[in-house]
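Each of the next two complexes has subunit A plus one other chain: subunit B in the first, subunit C in the second.
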Partner chain A sequence: MPAIAPASGASQLGQAENRDTLALRNTRLTPGDTIVVRVRRYDGADARYQSFKVPYRKYMRILDALNWIAENEATDLAFRWICGSKMCGSCALRMNGREVLACWEAVEPVMTIEPLRNLPVIRDLVVDRAPFEDKVAALEPWLERNAAYGGFPEPLSHKQMKNASKALDCIGCMCCYSACPVIGLGDLTNFAGPAPLVQLGQTALDPRNSPDKVRRSLALTGIFNCVSCYKCEEACPAAIPIVTQVIEPLKAKAAELVPAMAGHARSLRDIVQSRGFVDPGALVLRVKGLSALANLPRILRLLIRGKINPLKTFLFVRTAASAPARRLLNKKAAAP
Partner chain B sequence: MQILSTDVAIIGGGAAGCYAALDLRKRGIEPLIICKGLVGKSGASLFAGNLVISGRALGNSEENARNTAEFLIKYHNQFLIDQEWARRCGAWIEQVYYPELEELGLYFRRDDDGNVVTSPGAIRSIAANVQGNSGVPFMDLRRKQILRAGIPKLEETVATALLRNADGAVGGVFCLDYMTGEYIAVQARAVVLATGYSDRLHQRSTGTREMSADGVAMAWRAGATLVNMEMQWWHTNDIADPPCWQRMQVYPNPMLGSNKSARMVNSLGEEFFNQQQDDPLAFGPYTVQLKALAKQVRAGKARYDGGYYAGFDHCDAAEVDSYTTYGKAYRQLGLRFPQQLVETAVTSHYRQGGVDVDTTSMRSSVPGLYVAGGVGGHSNGLIGLATYDGKVVSDGIAQDFDGFSSGPLPANELDAERRRLERLRNSSGTRISPIKLKEMLRGIMWDKVGVEKDAAGLQSAIEDIERIRLDLLPDMAIANRTPTANFEWLDAIDVVNMVDACDLIARSSLQRKESRGPFFRRDFPATDNINWLVANVVSKSGNSLRFEQRPYALPIFRPGFDTKNNLEVGW
Partner chain C sequence: MKFAYYPGCSARSTCAELNVATHRVAEKLGLELLQLESATCTGARELRAIDPAGFYALNIRILALAERESMPLMTVCNTCTLNLLDAHAAFVSDADLAGAVNGRLAEEGLSYSGRTRISHFLWVLHEDIGMTRLREMVVNPLTGLSVAAFYGCHITRPPARYGFVDSRNNIALERLAESLGCRPIEYSGRTECCGFHTAAHDEKVAIKLTGQHILSAKTGGAQAMITPCPLCHTVLDGFQREIEKDLKQDLDMPVLHLPQLVGLALGLTPEELNIDRHMVPAGAVTNFVANTNRGLT
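Moving on to the complex of A and B:
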């Protein structure tokens, strides 16, 4: 088994992972090797970790290891799976801290298996899908036509469906929902979460859908709470570009169809464009209005820490970056 | 125990069950779906790779249309099909199915210029979003339609018994929500079985986790007549390793936007199957492939469980990747794509037989019990055919609706079923866990009721199964009696059904004394159209089975020979 050298400094961050190719993941173990699987057990009251030694077999997936355990060591291990081949999206869990589909991911020599985050656990690795399903249902992710359907096949091109088509690869596995830090904040925001947005994107990014329908759905998403951290894209086993081809286009649609939702994003954009930098003072004033001035202790704290500079804000100080910023932002806006 | 009441209880959340529910709702008849997995996410419908264009749809020529019908009757069902049903089904798919799906928003894959991408050739097909994955957006659409229509559904809930009224008619379903452990009795004026045809009864099987022949077993116990239970399709080129990918196919069908498809080579690297060259009319050439493989196995150049390979090394990566998902498995295994091939093996796939039905109404032989989709014995399914069944069963129920009795749920049956399930949850034997028992059954089926069968092996399988029924079923051991998400308990419930189904399959196989299509008898190698172009019908007769033969009418296509070595028959 070739050793992976630990990263020795910031400049080497990510390189160990980069060397961990799919070919390597599939060949670092050979039949006859033993892998160690540490599984989080939970019976509704107590949680504990239980370790198993599992014989490796060719191309073994995590699901194969779990099935081996259920057949030979712990017949009462609860884990959900249906299709075993990346179509149903029911076997998602966390392996060594990252969200994966058990049926799709190669086993690792030593692995800790835990249920998805951000969802209630029913038993062992089985989570309650209901909170996710309820969010999807609330968005009413379906098509409403403005014009009557003209018969099969109707005029439609892949160019028009490019983003929706990516969203249609979604298998509802909730990996991204578990990985999303904003969903991890619980009720602090009304963010629908990446997976429900992808489910919505399947029809909201479809040119056949009525803008009025899309507007009603988008208004419920809290989409501007997305912090574009790309954790969802990183976790997606279906390789959907969730931020770039689903959430960003949906944000653009929301800004157009429900302008009130995009107040913060628009203000930020305007400030960067006109001033060449992010002026937090100006941003707070634009978003919160003058009522922001009422919270004096907070203003003082921000002043002391150097977070705001009223002089710059009220004198509308600009930097040389404003011209290129304007050029870049307008270029982006003009792109198809 | 929860008691629910509805007009029609539908068991199964795949293509047939969903369509039946939606169509009944449109007529003002109240449906309720009972789904062992998750509606639109479990069962075989999810695996639809592409969608065959029937009739004259989408610029199909007269020749294309005829080829498609011939394919369905000949390659897909080896003439064991009601050809008039096939004709009606084809017309409906052409006129209603595609427009209806597209109007709902299903995305039939286009190119950048707006043309629907098809596979060229004798029989054409299209894809929902991407070839290889059509079932995913297709069934997701159904899931959302059910949601939008507000049709009640019980998910991760297993139907364990059909309940019969005093007059003998089926009038309810006993269920277990296996996530909570709660029993649910559903009272209904009629019940639709839509549990599919891809049960995990063999060591290698395309059936998904939850498929354990529950539909066939429940129907049988309720007294229904079954037909052609021996007719089992096999996938020839499913991925050999890892085990959980056993239902992942290297599709031999023509690729969208290309005139090539996967090729197969034996252990010496010699090509032995390439659909485009070997049989362009065999659009889903599974049986033709199986026969080609059988010859390789007999020559010692492959095994049914591996030792041969499939892939796209004769194609450009871009050609495969444009409209298909076919490269994903190779890449995930770290193989160079498309240069490297993957080892493949045989997997039991659809069961062509099932519950005997009247194809104009989908009535079974038991009053109140209807059937839709693959669990029926009238045809091997495709997602379009299963959907059509959903429509026909809705027609049949609407027609019969006023005549249904609706008595109270029979208290004694409810109680007996509850006690049976409790006994299974408290299994405290010493011999074997339910999951091991499942594997043992699958091993027997693979070894003795596998691709190649003979009388001695089948007799021996029947004896093995009988021993399991008498000795091991009563002596199962369960480690944990929790009612919550107890998959061990579910396995114990499943395995009882599997024993019944396996026994029926082995006995039906023994009965059919010929070889036909994917059904190979070593001791009867010829396809015998004189004696065996018949439905192999089995029904209960007291404590034993009664087999009968019912000939098929041949109004459109005929085999054109009396007897011939099955391996030399082209379908």
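Moving on to the complex of A and C:
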């Protein structure tokens, strides 16, 4: 039995071809080369980009380049950093459109440096973390014990803490919050966003937490507005599997503790269980009820192009996939 | 070359044209597809969150069906591909899970041992056909057709798993488009999200997100967008009218499924590839192909 999933050669296309491997990145500049750093400046009123020429030195990080600029060219450049070693999470910014930690990312020959997105900018590269902190505080990310503390050591297994312990790797850098496309849409949804959910996951995924407490928190998260794009995972410098080990387990908790939040997910499950497949018409009708029929011109257009098939939706025809789905999604049969 | 073929729900309903095109193009390419008729839905994004045991059972059953045929499994949907890859990875790394699922599959005489190779059609084109051979098969090069490659999420993320490269490095779709004669454009939406997975209960996120991507493709000079995922297609094409209303501007951006673009270059007609079944008419593309055939471009 192979130990890992089948890696696909085609899914690996690109990195070497674009000369974007770690080894190549570390060797494409030599000490004495000049790198061009374009920084977004903002003084509270106007934004502009300012370019700097910075002499490269070996193993130079973005933070080193910013410090060089602050010491030699722009003493008023505002940027945050504390530990300089991937622990404090305060130096996150965007380099050439990607969220990175300034203390951890190697410089590139030509870089555009911008503050994180989705948070108000105070000055230059410094963002206001208050909206994030307010959200986290509202989620009350702490533990209210189900039962009295029984003394050390507590009977907890690695398996029980598997997901919470991943969430505990968070350094609060906000890279994921900046990368999240749903947060980028502002008030369009009530989605809490990846970073606050990771903070919540640290305790909500801990088996010692009271279900009442977790229910109250989850009800505020808008978690089913997550589009599952994995942008947060791509941005996370702490390599937390945010979607699979934080957001999905929290969704499972929400489905159990606040069933009204998961109506759509349950509808999909029920349809797959009865039909074997998703019939899009049946799903939309079930999730939206009669309001699904409100946009008649659209329904007509869908009908004309053969995109929906009311006959299939209403006269459900049994297929070869129906019986196995009914059997395998039967909760009673699945119980050990 | 033989493949067990898993079209998924979308290619059997709203994007039935994708299934038709895949079968036609596979025939042209010399791929023999055995469609797994009793395969169920992989559970989209919902099942894996609210019913992991059911999710693993359905997905591993699909892998077992392919293994029984001793064939690699070919998909045409990003989300199905990732679900199957994730289920396989969990199966081979968790003996308890593997035992439990196989116990349930035994009721219908099925069993999985972890041998099925999972491949999306895009990867089959690169790995099993190869760009050199594909270029030799092109009879109607789409020379100069500007296309915007839209990868979607689940064929490139989560990062580092299954060999997925960082989003900014994806080139598989662009390389393929070039092999067919097209000119892939640079634009900001390439590896962004279409928002499909919240669209069944609320379309507004999909409409807002995808509007930016189509607009960026249009500004970049694309004559068409291509996507390897029917879920992305559903938003890019099926919601485009609503997106235009939201943006208060016309987009008229034809969106082709990956096999449809390949099929055109291999000499299949737009009708054979069901390109007339899209919500946004693909006249710009079909006229281009007709003119190429007549030597007008």
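The criterion applied here is as follows: the second predicted complex is superposed on the first by the 274 of 336 C-alpha atoms of A that agree within 3 Å, B and C clash if a C-alpha of one lies under 4 Å from a C-alpha of the other, contacts with A are read in each partner's own complex, and residues count from 1 in each chain.
Simple rule for what comes next: a residue touches a chain if its C-beta (ideal position, glycine included) is under 8 Å from a C-beta of that chain, and two chains touch if they have at least 3 such contacts.
Predicted model only: the values in this text are computed from it and were never measured.
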Contacts of A:Tyr59 with subunit B and subunit C, given as first, second, both or neither: first
Contacts of A:Gly89 with subunit B and subunit C, given as first, second, both or neither: first
First, second, both or neither for A:Arg327, with subunit B first and subunit C second: second
Which of subunit B and subunit C A:His158 touches, first, second, both or neither: first
Partner chain in contact with A:Pro241 - subunit B first, subunit C second, else both or neither: second
First (subunit B), second (subunit C), both or neither touched by A:Leu29: neither
Partner chain in contact with A:Tyr230 - subunit B first, subunit C second, else both or neither: second
Contacts of A:Leu197 with subunit B and subunit C, given as first, second, both or neither: neither
Subunit A-facing residues of subunit C, complex: 9-10, 12-14, 16, 37-41, 43-54, 57-58, 61, 85-86, 88-89, 92-93, 100, 104, 107-108, 113-120, 122-123, 125-127, 153-159, 161-172, 175, 192-193, 195-198, 200-202, 204-205, 208-209, 238, 241-242, 277-279
Of all residues in subunit B, those that touch subunit A in their complex: 37-38, 41-42, 46-47, 57-58, 98-99, 102-105, 107-114, 116, 129-130, 133, 135-137, 140, 144-145, 147-148, 179, 208-210, 241-248, 328, 331-335, 433-436, 439, 478-480, 482, 484-488
Complex interface listing, subunit A residues touching subunit B: 21-27, 43-44, 57-61, 63-64, 67, 70-71, 74-76, 78-79, 81-90, 103-104, 122-124, 126, 129, 137, 140-143, 145, 149, 151-159, 161, 164-165, 168-169, 171-172, 202-203, 206, 208-209
Of subunit A, residues touching subunit C in the complex: 1-15, 17-18, 20, 97-98, 181-182, 185, 188-189, 224-231, 233-234, 241, 243-244, 248, 251-252, 255, 262-266, 268-269, 272, 276-280, 283-284, 287-288, 298, 301-302, 305-309, 312, 319-321, 324-325, 327-329, 331, 333-334, 336
